[in-house]
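What follows is a pair of complexes built around chain A, which joins chain B in one and chain C in the other.
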Partner chain A sequence: MGLSNASGDLSTEVEVDAFRRLFPLRFYEKHLSESIRPDARPLGRARDTTIALGAVASANGSALAKIGSTTMLAAIKMEVMTPSTETPDEGCIAIDFHMPPICSPIVRPGRPAEAAPVVSKQLSDTILSSGMISLKELCLVSGKAAWMAYMDVYCLDADGALFDTALLSAVAAFSHLEIPVVSLNDDGKIVLLSEEQEGMSEREPVNKEKRKLTLCNIPFSLTCILHKNYILADPTAEEESIMETLVTIVLDSSSQLVSLYKPGGPVLAYTSAIQDCIAITRQRVKELQTILEEAISGMEVD
Partner chain B sequence: MEYVSPEGLRLDGRRPMEMRQIRAEIGTVARADGSAVFEMGNTKVIAAVYGPREVQNRSQQISDQALVRCEYSMANFSTGDRRRKPKGDRRSTEISLVIRQTMEACILTHLMPRSQIDIFVQVLQADGGTRSACINAATLALADAGIPMRDIVTSCSAGYLNSTPLLDLNYIEDSAGGPDVTVGILPKLDKVTLLQMDAKLPLDIFENVMGLATEGCKAVANYIREVLLENTKQLEYRRGL
Partner chain C sequence: MEVDREDGRTQNQLRPLACSRNVLHRAHGSASWYQGDTKVLAAVYGPKAGTRKNENPEKACIEVIWKPKTGQTGKLEKEYEMILKRTLQSICILTVNPNTTTSIIIQVVNEDGALLPCAINAACVALVDAGIPMKHLAVAICCCVAKSGYVILDPTKLEEQKMKSFAYLVFPNSVHSVLTGGSVQGEPMEHGIITSVTHGIMSVDDYFYCLERGRAASAKLSDFLRRSLQQHPTDSSKAG
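== the complex of A and B ==
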């Protein structure tokens, strides 16, 4: 890093900070020419990722995911509803993404952030179209009762790669989800059985035990920035604001392409650049799978 | 329903004068100027402070002091049933106002004219005492942001059920219909900045209950001071002092 001064001389430090603010693009290009970024990451490496399951005790399933400083909290609440007549055997999933003002200095109260509805739609589309969850698993009594899963993802700290972290937390929350035990009462309505009632109730529970959803083809994603002929994986908020061309690639656990998203941007990419992004994403998906599996097995030990 | 058993234990096993377990952490939101997470039992609240920064709405700028804004919102999954409207409803607006006025009383706003200080509080889990947890979290976040204050503000609630004053009510005790006294104090100056109560209470019992809540506030203040001291030691260590 050519600009830092090892002795910590105050005047040079101020110059570096000022240079970073006044000429951000030149600051970054000086680093990129040495194939490194200001936080000492090589171009293709993502930030440290952690997942904590069960962060919200009152929800049926929850997870807190952090990629670098970007933090997302996802929680699922289940309610019983009547399924529609066209799909009497299927439940429903509603996914909502929120960016409260705590997450970033740019978000003003009363006015939702620009990125919030975009990520919300992307997240919803990706999860529903990836086929990760079979809606038939959410059915209770065909034609009469089915589960509605409300998932809320809250961004607690917005430092770039919002979609990646949101998807990771959503997927982790689904893997942590436990469907509560319910039974049919005399009016034909479904009631939740709490733990004390389980032993005492004479009614037959509709589902015997708290079960988890079977997830197949779990989607994982990686956002990359294209700048001239560099590809930067997992950008921070500062990088995203300076170099605006983003490419988000979603692959599932069997390395099939679920979605590819390049919403314009000043850089026009050749197919080779996109293929390089896909290759980096493939590596990242393997990392994310291991991290998720460790988090799940860590919970089971408890 | 019995909220205090004959042996003197409450529904969650606490004694009447016992607070729930508190836990606080500073600096959780990297992008904010100051942030903190505060937990009182199962109630978990995250606060972020942005400021002092330029006023976003020029017409609201005050020429001789800082403008303090506060927004309180609850996550959809924070309560037992999923909430449809997390902010903008009357309760959230009222609590936002209460927190703003409480914190404004202790911030030295005249030192930062023509600027704005934003306090955002998000409730992640609600189990009674959210107002108090929010004020405690906001205090820590303001301290983390380095905003000059007269004193820290701590808050605690107390109630009166089954003829016993109870400290730090949880959600079940709060919804029992008995009185709920929330007190916010500046501990060093020994001044009350927030006092709210609902339901009826005879005056002499009220003094007891308010005294109990004030004791609770002082206990929270001791804990907050420890957390801030520990944080400062960490910062000193990292700077190599």
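== the complex of A and C ==
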């Protein structure tokens, strides 16, 4: 009783910023009852998304993705390795996600953020189980040499929806990836051919034609917050800390469900809420597909 | 369509369940939960004074430590800790004992499929044994989807690896109430999902089918939980 009276009386006297800090949930509920959020977005709309391919020039493939203020940089390095005996014609992909202290005031150096290993494992599971990349394409010489792709995703600014942005940057980096040209030298070992050697060398490159990976069933994701009867798409970090029930849905381009992740939370998800979230995610997948295609065609023009 | 499972179970049959409380003497609450060959031991210590850094002191804090059967803790264990922590935070009443920490330690004794659901069930029983105030209990179930679209419940490890995809689902336990009603949006409370973790690709319809099967199984699990908790006589209280 005391609290509601206090905020009711104060809401006319206190400044907006102070009210936002003192009574964050009431601040948000006042906005949600008008179907809008403090940054003037309607409830089902995600923030502005941009993708920049080739952000890291020294990597074999890289991309910088931004959803609102959340920024992620993904880069891929390729190395030749011997494939295992059980899968002699398959390469390997290793994905790692890092949250350096630059991204958020809660992350301190020396103490890894709690979210980092969880997002890292989710990212790696999603990409490998979605079947986006066929590992057989990473094979060079069956049984002797195959590619190992190391992908690192760095969070540069953590403002909510970390997994969505990380997945987008990883997918964009894979679509930008250009496999280096290699050839067999006399010892039977694979060597990288640099640009100048390509014309001069007598040795035939092993993989001259196959330089880009074919990506099928690309996964895209959307995180939503469930609060009472409202569904908020693409939350910021402030919204995530106040309303704690998050649902992350990953759909691929053929509308198959790759992952539906709801790690607890005070609000229970009923079937109707899940169907609404999936519908919002379907629209978002179409938006993200257009954005990715524009970025790729922008690169190819150069 | 009849499905042959290796151990002869039908599609919707769960493995034999066994649950015991108060198995450890030093812990404030403890439980062991066996689902076929998957065995998990859970211990609860708390409430202890003080919260960890960066946690809200106006609420009780829950801390989960997951110990695998072999090897060091890695990303998988950290993910399970986070899922368990958020699931248990949503069922415990955190405002009763503010500025305290309750630690839940999960020790995997044997792993044979459906490990996370088994651990969630064990943790709930251990919390009841410790007397931590909760709104309702959570029952967890694993559903696997095969390529042809049929769903089996409570898979063994071999079945999990062979199947196209699986989902771990956690529902609130069923409520036996004198008052009728209490449904939200036309669905009873125990149909709401507390936690859902899926692995592998499935179609959206397959997922909703898993939810139906999961809800039916969670009703059976709730009954088993209620019976086993009501039978067990409580020991004299332990000193803190």
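Heads up, the rule we're going with is that the second predicted complex is superposed on the first by the 286 of 302 C-alpha atoms of A that agree within 3 Å, B and C clash if a C-alpha of one lies under 4 Å from a C-alpha of the other, contacts with A are read in each partner's own complex, and residues count from 1 in each chain.
The definition used in the following text is that a contact is a pair of C-beta atoms (placed from the backbone, for glycine too) under 8 Å apart; a residue touches a chain by one contact, two chains touch by 3 or more.
Computed from a predicted model, the values in this text were never measured in an experiment.
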Superposed partners chain B and chain C on chain A - clash or fit: fit
First, second, both or neither for A:57, with chain B first and chain C second: first
Partner chain in contact with A:269 - chain B first, chain C second, else both or neither: second
Partner chain(s) touched by A:158 [first = chain B, second = chain C, both, neither]: first
First, second, both or neither for A:85, with chain B first and chain C second: neither
Touched partner set for A:118, first chain B, second chain C, both or neither: second
Which superposed partner A:297 touches (first chain B, second chain C, both, neither): neither
Touching partner for A:259 - first (chain B), second (chain C), both, neither: second
Cα-centre angle that chain B and chain C span when viewed from chain A, reported as a multiple of 10 degrees: 120
Smallest distance from any CA atom of chain C to any CA atom of chain B, in Å, after fitting: 10
Shared chain A contacts, counted only where both chain B and chain C touch the same residue: none
Chain A-touching residues of chain B, taken from the complex the two chains share: 28-33, 35, 42, 46-48, 50, 53, 56, 69, 71, 73, 75-80, 82, 86, 118, 120-122, 124-125, 127
Interface residues, chain C side, partner chain A - complex: 54, 74-76, 78-79, 82-83, 85-90, 165, 167, 170, 172, 184-185, 187, 189, 191-204, 206-208, 211
Chain A - residues contacting chain B, complex: 56-59, 62, 69, 71, 73, 75-77, 79, 96, 98, 100-105, 108-109, 150, 152, 154, 156-159, 237
Contacting residues of chain A [partner chain C, same complex]: 106, 114, 117-118, 120-122, 125, 129-131, 217, 244-245, 252, 255-266, 268-272, 274, 278
